[in-house]
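Lettered A, B, C and D in written order, each chain numbered from 1.
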C-alpha cells in the first residue's frame, strides 16, 4: 500500500490515506517521490479559494521522483520518453510539468499559440481528483499518465535544489522572459515570496544592472539580499510615496526599466505601474486569485507613460525545462537549497501548510521518506 | 503681412493677427499653408486642459504647405532636406512632423529608444509660442525651423486627402503597429473619432479578418461602415454587457484578438480589457488628457487573461512618413477626403473649433486661401 | 468503390485505382472531395526529388471537401471538431491542414515552439502511403484520421477561391508574417508562382507602400499586375545588375525594406540579399528542394548590411486558419479564382502534373466530379 | 604641447607628434586620457583594409579619460552633459561613444530606426583626421566635440576593467542582444578574440544553459574557460565535421540554439549555420572587412532549417551605456582586467599594434601616462 496526503475538502484537516499500487497503462510511469513542494497555491486550495477543484485531491503540483516502474511498451508511440525524446529508464530522477492534457487541437493551442489558456488543461495536485489515483505529489508514489511531460534532472542538479525553486522558478522564468530585460536595466520585483525571489535571481541572469526587491517580511528580504538583490525595500515600514521616491532615486528619476509583480495584492498593480519608467515594461504574475479591484489613472499611469503591461498566466513545459537547465548551470552562484526553510514528512503536511499560509517559511518541502 | 489665427488664452475668443514675413535662418523653410487640421487637441487647448502651453499660440499642428522660400544655404549641413535626404525645392508640397527638437542625446533618445518621451520635444501649434513666430498651422504661412522633419506628399496624394487623416492617421498608425495584428485577427476599435476611424482602416491594411467599431454618434459610425468596418456598435444605445456579448458572439466566445482604444473616456479602458480575448493585446492611445480614474480587477482582467496592454504616446517622423506612403498607395480603396466634413477660412476658425468640440463634424480643416 | 489517382513511383505514369470505402474510427471523418490543388511539390514528387516518400501515394495535399460521414463518437474526446472546437456536421465544407501527427510532446513542439520542425509530422498527399488509405486529395473521397486539424470555409468563401490560393497561401502567409512588413514599406517578391503571387497580395494586406514582383513568365507577371503589384520585373529579360538598379531606383537608392524569396533557384538568395536595404529583412521560403549551392559575401551582403534573413519552413494550422479568414474577408478586392488556369478530372491528372511542371498554368485543380 | 600617436598612412611606421592644446567650443570637452584600447580594427587600419580613412589619423576609438576642461557654457543647450542628462564635472572619469555625428534626421535615423547605418557617422580614431585635432585615443588628451555621447564610469568600475572589454564589449552586447538567448539555451560562440570572449560572458548573463567557444589559439581558449565557457573547441586541431559532431553531441543532436559569429573568416559563416539547430538563430558580427566569399546550400542550411540569421553592424550609445552598467555590476563574477595582456606607452604603440595583429595578446592598452 502507498501512503498519500489527502485534502478532502476546503478547511478540513489533511488526512494520510493508503492507496493501492496502480496498474500502469502503456506509456504511464510510476515515480517514487523524493520531494514535493508546499506553495501558496496549496494554501489557497485549502481555503477553498480556487474554483473547479475536485476534492478530495492529493496536493503537491511540483515534485521530483525516481522512476520506479514503466508501463508496458507495445507500440513505439507508447514508450515513455522525456522532453528531449529519450526513453525513460528505471532509476532516473525526474520532474514533470504539473499541467497535463493540453490538447494541441483547440484554437488556443493551435491558432492562438497560447497553450497556457487551453481549456483542457488539468493540473496535478490541483484539478485531478484523488479518486482517480496518485495524481499529486504529497504521496510516496506519483502516477504519471501517458503524455505527461517529463524533464530529467541533470546529475549536477540535486533534487532538493530544484524543489527549492519549486513552482516559483518556472513561474518567475515565464514572467522574466516576458519582461524582456535588456542588459543593464534596473529591475524592480514586487514581492519576496518564492516567485519574487526567483525573479530577482533570474533578473541577474538576464544581465540586469540593478535589482530592487520590494516586499517583506524581513526573513524574505534577507533571502533576497543573499541571492544578490542590490537593494530591498520593506513594504511594512514604507509608504507607496517613499517606495516611489526610492526607486526614482536609484534611477536618476526615471523609474524601473522593468517591473515584475509577484505579490497577490491588487493595490500592488497601480503602484507597480508608477514604479516603472516611461516606455518601460510591467509584468503582472502574482494576481493568482481574485483578491479584489484596483484603481488607476489611464492617462497618467498608462497612456502618457507609453507603458507596456503583460499579464502572465501559467507555465508550459518549456519553462520547466529551462528552469532545470538554469538551476543546474548556475548552482555555484546561487545556493538554491538555502531557500528551503524546512522539510516535513507526510504526516506533518498539515503543519507545512499552516507554516506556508502564515509566511513563517520561505520554501517548505514534503519529503515522504522522512 | 501674414495673417494667422492666435489663441491668446484658454477660453478667450480666437483672433486673426498680422505677422511680419520672417527672415529665414540657414536650413529654415517658409511654407505657404494649403490646409491645417482642427482636431480634438485644439479643443483641449482652448479649454486649457493641457499643461505647459505658452499662450498665445498659433494652433494647428498637422498641416500641408507649399515651399515658398528656403533659407540661405551656406554649408552643406544647412541645406533643408526632406526625410529621405533630398534637398527641398520651392514649389514642393510637403507636410512635416509637428514635434520639433527631439534632442537625440538624452537617455530616452539614445538608451531608451523612446523618442516620443524625449523631454526636449516641442510641438508646432501646441508648445511653441506665437511670440516666437509662425509656429502653427492656422496661418497663411508656417515657418519651419532648421531641423524640422519634412515629408513630401507624392503626386498621387492630394493634400486634402492627407489632411483628412490629419494627426489621427500617424497616431492610429502608431497604435495599430503596437497592436501587432495578425492576418485574420478580429480587431475591436473603441471610438469612432478620427483616430478610431483611421485605426479601423489601418486594421484592414494589416489583413484583419474582422473590424468592429464601438462608438458614436451615428454620423461617425456611418463613416466607419463606409470605410469598411464589418460591424459597428453604438455606444449610446448599448450597455457594456451588451457590447461584451456582441463581441463574444462575433468571435466564437473568445473576444477580440486585438483591441485599440481611441475614446478619451477612462471607463473605456477596463471595458476594452474585457472585450479582448485571453492572451490578446490591447493598445490604449485615446487617454490623451487626465479625465479621471478607472477600476479593474487585476486577477480577472489582466493576470488570468494573460493580457498584454500597451500605452501608446505620440508619433515620430516615421509614423508620418509611413502614413503618407499608405494614404498615397491605398487612396483608391479608401476615399479619404470623405472624412472631411467642412473647410473653414482663417476668420471662421472659431466656428471650426466649436464644431469639433461638439463632435458635429468628423474632420474639419482650416484653409487659409478660402 | 472510390476512385483515386495513385503515383506508384517516381517518373511512372499516374494511375486511377479503385479503393474500398473505409471504416471510420472514432473521431475520423470522410470527406467527399470538391477539389484538390496541383502544385510544384507534386511535380517534385513525380520527379523523385523529395526524400522519404512512401510510394505509392495519392497526391494532393491541399484540398476542400464536404463532410460525408463522421466516425462513431463514443467519448466526448472522440467527437470530430473543427479548429474552433465546434463539432463537425455532415454536409459542412471544410479544408484541413495537410500536416498530421505533430506530436505535441517532442523538444521542438514543446521547448522549441517550432512545430514545423517536429519529426513526427506526416503530410497528406506526400508522406502517407496509398497502402494505408485515402490519404491524399486527388481522390473522390479523403479520409481524415482522428486528430487532423479541420478548418471550415465560411459561407462567403467559395471552395474554388480557397483552392486558387492552395498551399501557396498559407506558405506565403507564414513568410509574409515573418517578413514583419511595416506600413509603407517597399516589398520585393522574388518569384511569380503561387507562393510569390500570394505573397504579393498579402504584402498589400500588411499596408506595404509598394510591391515589386521579380519573376516570370509573362502570364504570371500579368497575374501579379492584376493582383495589385506596383511593378514587375521580368527575370527573363533583365540582368541581376538591372534588377538591382530598378529596385534601388524605386527606393531612393536604399533597396527593399523587406524581400520575400519564392523561386526555388539558389542564385536568387544572394541576389535577394542585395535587393534588400541595409537593416532590412529577407525571408527565404522558396528553397523547398536541394537545387545546389549559392555564393555570397558575408561582409558586404550580410554583416555590414545589418541584414536579417529568415528561413521559413512549412505551415501550421494557424496559417491555414488565417488564410481562410483573409481570403473570405478580402475576396471582393482580390478575385482569387482568376488564379485558376484550368481544372482537371481524376483521369486527366497526368496532364495537370505536366502543365504545372512546365509552368503552363498559374494554378491547376483536380476536380473529381468533372 | 600634447603628445599623440599618428598613423600617417597604411603600412607606415607610427609616429608620436606634438599638438597644441585646443581651444574648446561651447559644449566641447577635453579629456586627459587614462587609457585607450588597441583592437583588431587598428590592425586593419594600419594594413589599409578599411575604405574612407582620412590619414593621418590618431588611432584609438574606445578610450577612458578624466574630464580636464569643459568648453564655455553660454546657453543651456551648450552645457556638456552625460547620457543621463547630468552636467559633466571636471575630474569625472568617463568613456564616450566613438561614433559621432549620427544625424538624427536621415531616413535611417528616423524612419528606419537603424542609426548604425546613418551615412553621417564619423568615428573617433577611424574616420576623423589628425589634421582636425585630437580625435583619437592614443594621445595624452582627447577632444570631445559638442554632441559626443559621454558615459561616466561608476565608482565600482575601474577604468582598466572597462577597457579590458574595450570595443569588444559593446559590439558583443549588440550581437548577444540580437541573439535573443532564452534561459537555458546552448550558445555557440565562434571566435575567441575580444568580441568572442565578451559574447561568451554575456551569454552567461542571459542565463544560457551552456556556452561553447570555438576558436583559438590556446591562450584565448584558456581565457574563455576562465571566464566561464562550459566547453572550448580548438579550431586549429579539429575539422568542421568534428566541430559539428561535438556541438551536436552536446545538444542531444540538435545543434546550438543560438550561435554568435566573431571570427572575421568568411568560411565560418556557413559552418555557423550548420552548428545551429533547426529554427535557431545565428548572429554574424565578425565579418568586419571584406575577406572574400562563402558558399552555402540555401535549402539545407537556411530554408529547411527555418534558420534566422542576423547581421550585426556597429554599436550605438545604448550599447556602450549598457556595457558600462553590466561590467560594473558583474565585476566580482568576471575579473575583467585579466583580459589585459599588456599595457604600452605612447612610444610603444607600434609594438602594441604588431602584438595585436599577431594575436600574441588578448587585449592590449595604450596608457599615455606610462
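Throughout what follows, contacts are C-beta pairs under 8 Å (C-beta built on N, C-alpha and C of every residue); 3 or more make two chains touch, one makes a residue touch a chain.
Going by UniProt, the chains are A, B, C, D = Zinc-binding dehydrogenase.
As the structure is a computational prediction, the values presented were derived from the model and not from experiment.
Against reference pair C-D, the listed pairs A-B, A-C or B-C yield one interface repeat, A-B (criterion: more than half of contact pairs the same by residue number).
Counting C-beta pairs in contact, the pair that comes out ahead of the other among A-D and B-D is A-D.
Taking the mean of the C-alpha atoms as each chain's centre, subunit B (Zinc-binding dehydrogenase) and subunit D (Zinc-binding dehydrogenase) sit 41 Å apart. Mean C-alpha positions place subunit A (Zinc-binding dehydrogenase) and subunit B (Zinc-binding dehydrogenase) at a centre distance of 44 Å. Contact of a single residue of subunit D (Zinc-binding dehydrogenase) with at least two other chains is seen at positions 84-85, 107, 112, 252, 321-322.
Across the interface of their complex, subunit A (Zinc-binding dehydrogenase) is touched by residues 107-108, 112, 114, 116-117, 252, 254, 266, 269, 277-279, 284-300, 302-314 of subunit B (Zinc-binding dehydrogenase). Across the complex, subunit A (Zinc-binding dehydrogenase) meets subunit C (Zinc-binding dehydrogenase) through its residues 81, 83-85, 102, 104-107, 110-113, 147, 149, 316-318, 321-322. Note for the complex: subunit B (Zinc-binding dehydrogenase) touches subunit C (Zinc-binding dehydrogenase) at residues 84-86, 173, 176-177, 182-184, 202, 205-210, 230, 252, 321-326, 328-330, 333.
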